[in-house]
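For reference, the structures are reproduced in the following blocks.
Same chain, two partners: chain A is paired with chain B first, then with chain C.
Presenting the complex of A and B:
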């Protein structure tokens, strides 16, 4: 490392990118899928009907249901349906047996039109990708730490990559297709530069989201090690009245929605909490749905007296630094995005995934050239190759397996949701074994072909196992369902193309091998 | 493949450690000094400090790999940490007296 600044940054970019590349690839892919979390959940629980009903009507149904089934509960939680998440979810918490304990929660899904209980098949749905994206299927808080560390490495790799790749705009217009290694590098640069603002935003915001977990020093210094005091100040808990012990009739909840809207100049209610329903001191907290603006405000809420309907409290306006932090959160989550913007998020996420993937391929390809003649790869290169194959094509196959398990597992099997997740990880693990057993290119082609088959056949599988096939969903305009099928079909076609390309370049490899000149480090940094 | 000398490998390890651990300490101290010195309500100052700390981390990491030797990398981080520690210690002491 006696070289110049840009060479040093190239070194940093290369190694930071390699070591965390596979983890970042999985994080980016699942995060990208999580932008369509609700749509994926809808496809995975086709029993829950998508209906557009007004919030008022749904809330009245929920209140009636809870009056009948949970009158004695200490707390009701009602999640109102919206355009993307059709289910009306009600939960209630029993009064804890002992003080200080958490009372038991019960959750039911209701049909927002009839108020009847809906029994969807047991599944984690799109929530699985969302959770994996930042928890990595690890116990709390290790997954969050690891993913935030990966985000910091991503941040370093991005900035060092920009420094390395000085002539961003000039090089952007030089794409040299069908040149083997050079095309991969050009592709890596192009896809990195094209959505650079997205990369920077998504990486930095992921650090901001978990900043109080990973960087608590300033909280400890300013609040004398009392982290709780900080959170109480940032998210002031609306102090709700204590239990009075006198029964009283709860007022209808639906009119409160309109009054909350007035408070927020049109903002929607996402969730209601009713404390002590049936008591004289009942209170209703209406929490704002974040989807109507970019700046996310945690716990923006209004509180009403549950019996008289008097306004008890509103949360104060956000200050500027908190609004900035909130907008990083909002931008990362993209709750505010409509269909077009959501697709743009999805495409940018795929571009980020592709940037990481091409980077890994470039790393290996450059080093493989040296061993092309002997045909024997040293252990570390073979390791990277296996991880590349299993980490990329294997992950795709695992995602497809997750969807297949949702349709193929019997509806009433015990631990069904867990088995869906298990099949994801079993298939991913098998892809590692397969990549170890087969030669590099053959493993790529076979796994990509399998991914093509599994994704491409998803519409057929859906048609065979449920009544909601494309012929119905397209006619009915159920775009979440139809869009899922069509996106899977599109992915299948893409993987088929990728497998075919890989196969073809394999047969032409010998010719390329003679012509290709190794890309020297000087070449790369310029 | 040319074999790299052990001293080179140790220097790289040293830089990595400096970047990861030293960088974190610099970032944490930077967030503390900023949150103690910023003239804002306490919670806002803390949020601002935390948000900017990652930029300090980034600069520290880049410094560790850009400077001429591993020793200089450590030296730079230690000096920065000391300055930041004095700055935040001063603010802490003033706030408590």
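Presenting the complex of A and C:
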């Protein structure tokens, strides 16, 4: 009975893992990249300078700018720069022409030191990886549904994998390289077991984040099928005072930052909203930046009167269920992570990606052995092989192509941001064709070598197309920019090593096969 | 976080040495029963100590997250280092235990 159960779980692990493996690989890789989405965006918009300026100084600049350019707007939104996102973003909304309509938004980026407008090149930046990670570049509900189903399958694969893996503690420290199929399975088990807390956390929390979509039954039951009523109660709309119609001078905003900090015992302000600036009933909402706590609080804010500076309202303390949901959200996003912890998140994400990748390789390797002698693969194995190559090495090449497109496309071309994304998908599609045209190992070696070349040359490309090369960024201490270049160089070296390894094991296999050939007829004679 | 990392790495190495197979691989002989028990106790003790080190420096919320992160990283490092550079893996454990008092001194 027990063996039967374990076998059933092994079957489930094998097939659930295979069917969703490629999708999960892409989700994990892009999600891992999304941990550095601000740094990636910074690299992809090198025109926006990184400066360390106090929030007060940049807020004063933003207020001056808005008073000059958007005095008549109905709402101002100011996103303060932080250590990771250097841009000071200001947006304003015009009063709508008709009641009930949404007014038009204008967005500008300012240099937080001088207050001058900065024109960054048009790009989706790191946001692309973040969005793709859960929307999969599909129209609204479908991408989310598919990625949530993938998360559910991932959870099933994790649990069934733990049950299938008999000797978790005995093999805890075991990794035997250079043993072919054995090493792949060892590697799969090692990254699976050693990084298991991360895998469980990230998979379970992704289900918690989309819980109202995945398990709406409790909401539907208690709110009589009115999901909107639930959300209205959970996220109450901020009540802004009505327009007074009398003009009044807006008080300086910078001192409010300190008062908000006192309210939150040191918590930073991330965004400010000024309603009806220049009116006697102006109000200022300061929203807390979640980066200083693990437990994420959705919309913790304080509201001040914009003219007198009186405290108008504060959001209530988080209730326990919201704190639990918020802690899963916070753990998944890792907004709170400093540089070291962020790198650890990144490494854990790579380990998860590696676990999925090695699992796919093991699946194919096990079944390929049977057909090794004849050299002819049945269609379904060839299909898995092509998808493995395009889904893993092809995706890496596509990521590199996305970065290359950012530097090579002319700055003023129309629809530039879309073309960056298009080049990602075009290159990914080409990698499928390439994997179909070439034999398995040759396709692996060529795509890995191409990825090595593209990633390894990113620092050179950056030096040739922008003035922000490693010699300057390292001296200036712009670690996001320099770190991006160095990480690309490191990945390039890794892919070169992988391609070389793949090439060498290929020739070794061929030699063994040649040596083995004369023996087979003898056996037949015997 | 450094102290927690050093203690975790030392703890995992001790736990690894408490297993016959790995002890033979790394040191060339089977451990005695007493040594095995000592390694096991020491390993778990060091892991517990590292949890305390992480939590006491940054509080329960962030401390637990950091502890899990260094726990996974140190185990991964040890397992990937052992087959390629076994001596380095062992000496790293020795060094990390030796400098952990310095790290503790720096932390408090």
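Note that the second predicted complex is superposed on the first by the 506 of 526 C-alpha atoms of A that agree within 3 Å, B and C clash if a C-alpha of one lies under 4 Å from a C-alpha of the other, contacts with A are read in each partner's own complex, and residues count from 1 in each chain.
Just so it is clear, a contact is a pair of C-beta atoms (placed from the backbone, for glycine too) under 8 Å apart; a residue touches a chain by one contact, two chains touch by 3 or more.
Only a predicted model underlies this, so the values are computations on that prediction, with no experimental measurement involved.
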Just checking: does A:176 make contact with chain B only, chain C only, both, or neither of them? Give me first, second, both or neither. second
Touching A:320 in the superposition: chain B (first), chain C (second), both, neither? first
Where does A:234 make contact in the superposed view: on chain B (first), on chain C (second), on both, or on neither? first
Is A:195 touching the first partner chain B, the second partner chain C, both, or neither of them? second
When the two structures are overlaid on chain A, which partner does A:9 contact: first (chain B), second (chain C), both, or neither? first
Chain B or chain C, by number of chain A residues touched: B
After lining up the shared chain so the two structures overlap, which partner does A:351 touch, if you call chain B first and chain C second: first, second, both or neither? second
Where on chain A do the contacts from chain B and from chain C line up? none
For chain A, which residues count as touching chain C in their complex? 170, 172-177, 190-191, 194-195, 197-198, 293-295, 327, 331, 336, 340-341, 344-345, 347-348, 351
Residue set of chain C touching chain A in the complex reads 1, 12, 15-16, 19, 22, 61-62, 65-66, 68-73, 75-76, 78-80, 82-84
Would you pull the chain B residues touching chain A in the complex into a rising list? 1, 11-12, 15, 27-29, 31-32, 34-36, 40-51, 53-54, 57-58, 61-62, 65-66, 68, 88, 92
Can you name the residues of chain A that touch chain B in the complex? 1-2, 5, 8-9, 11-12, 152, 155-156, 159-160, 163, 204, 207-208, 211-212, 215, 217-219, 221-223, 230, 233-234, 319-322, 324-325, 328, 370, 378
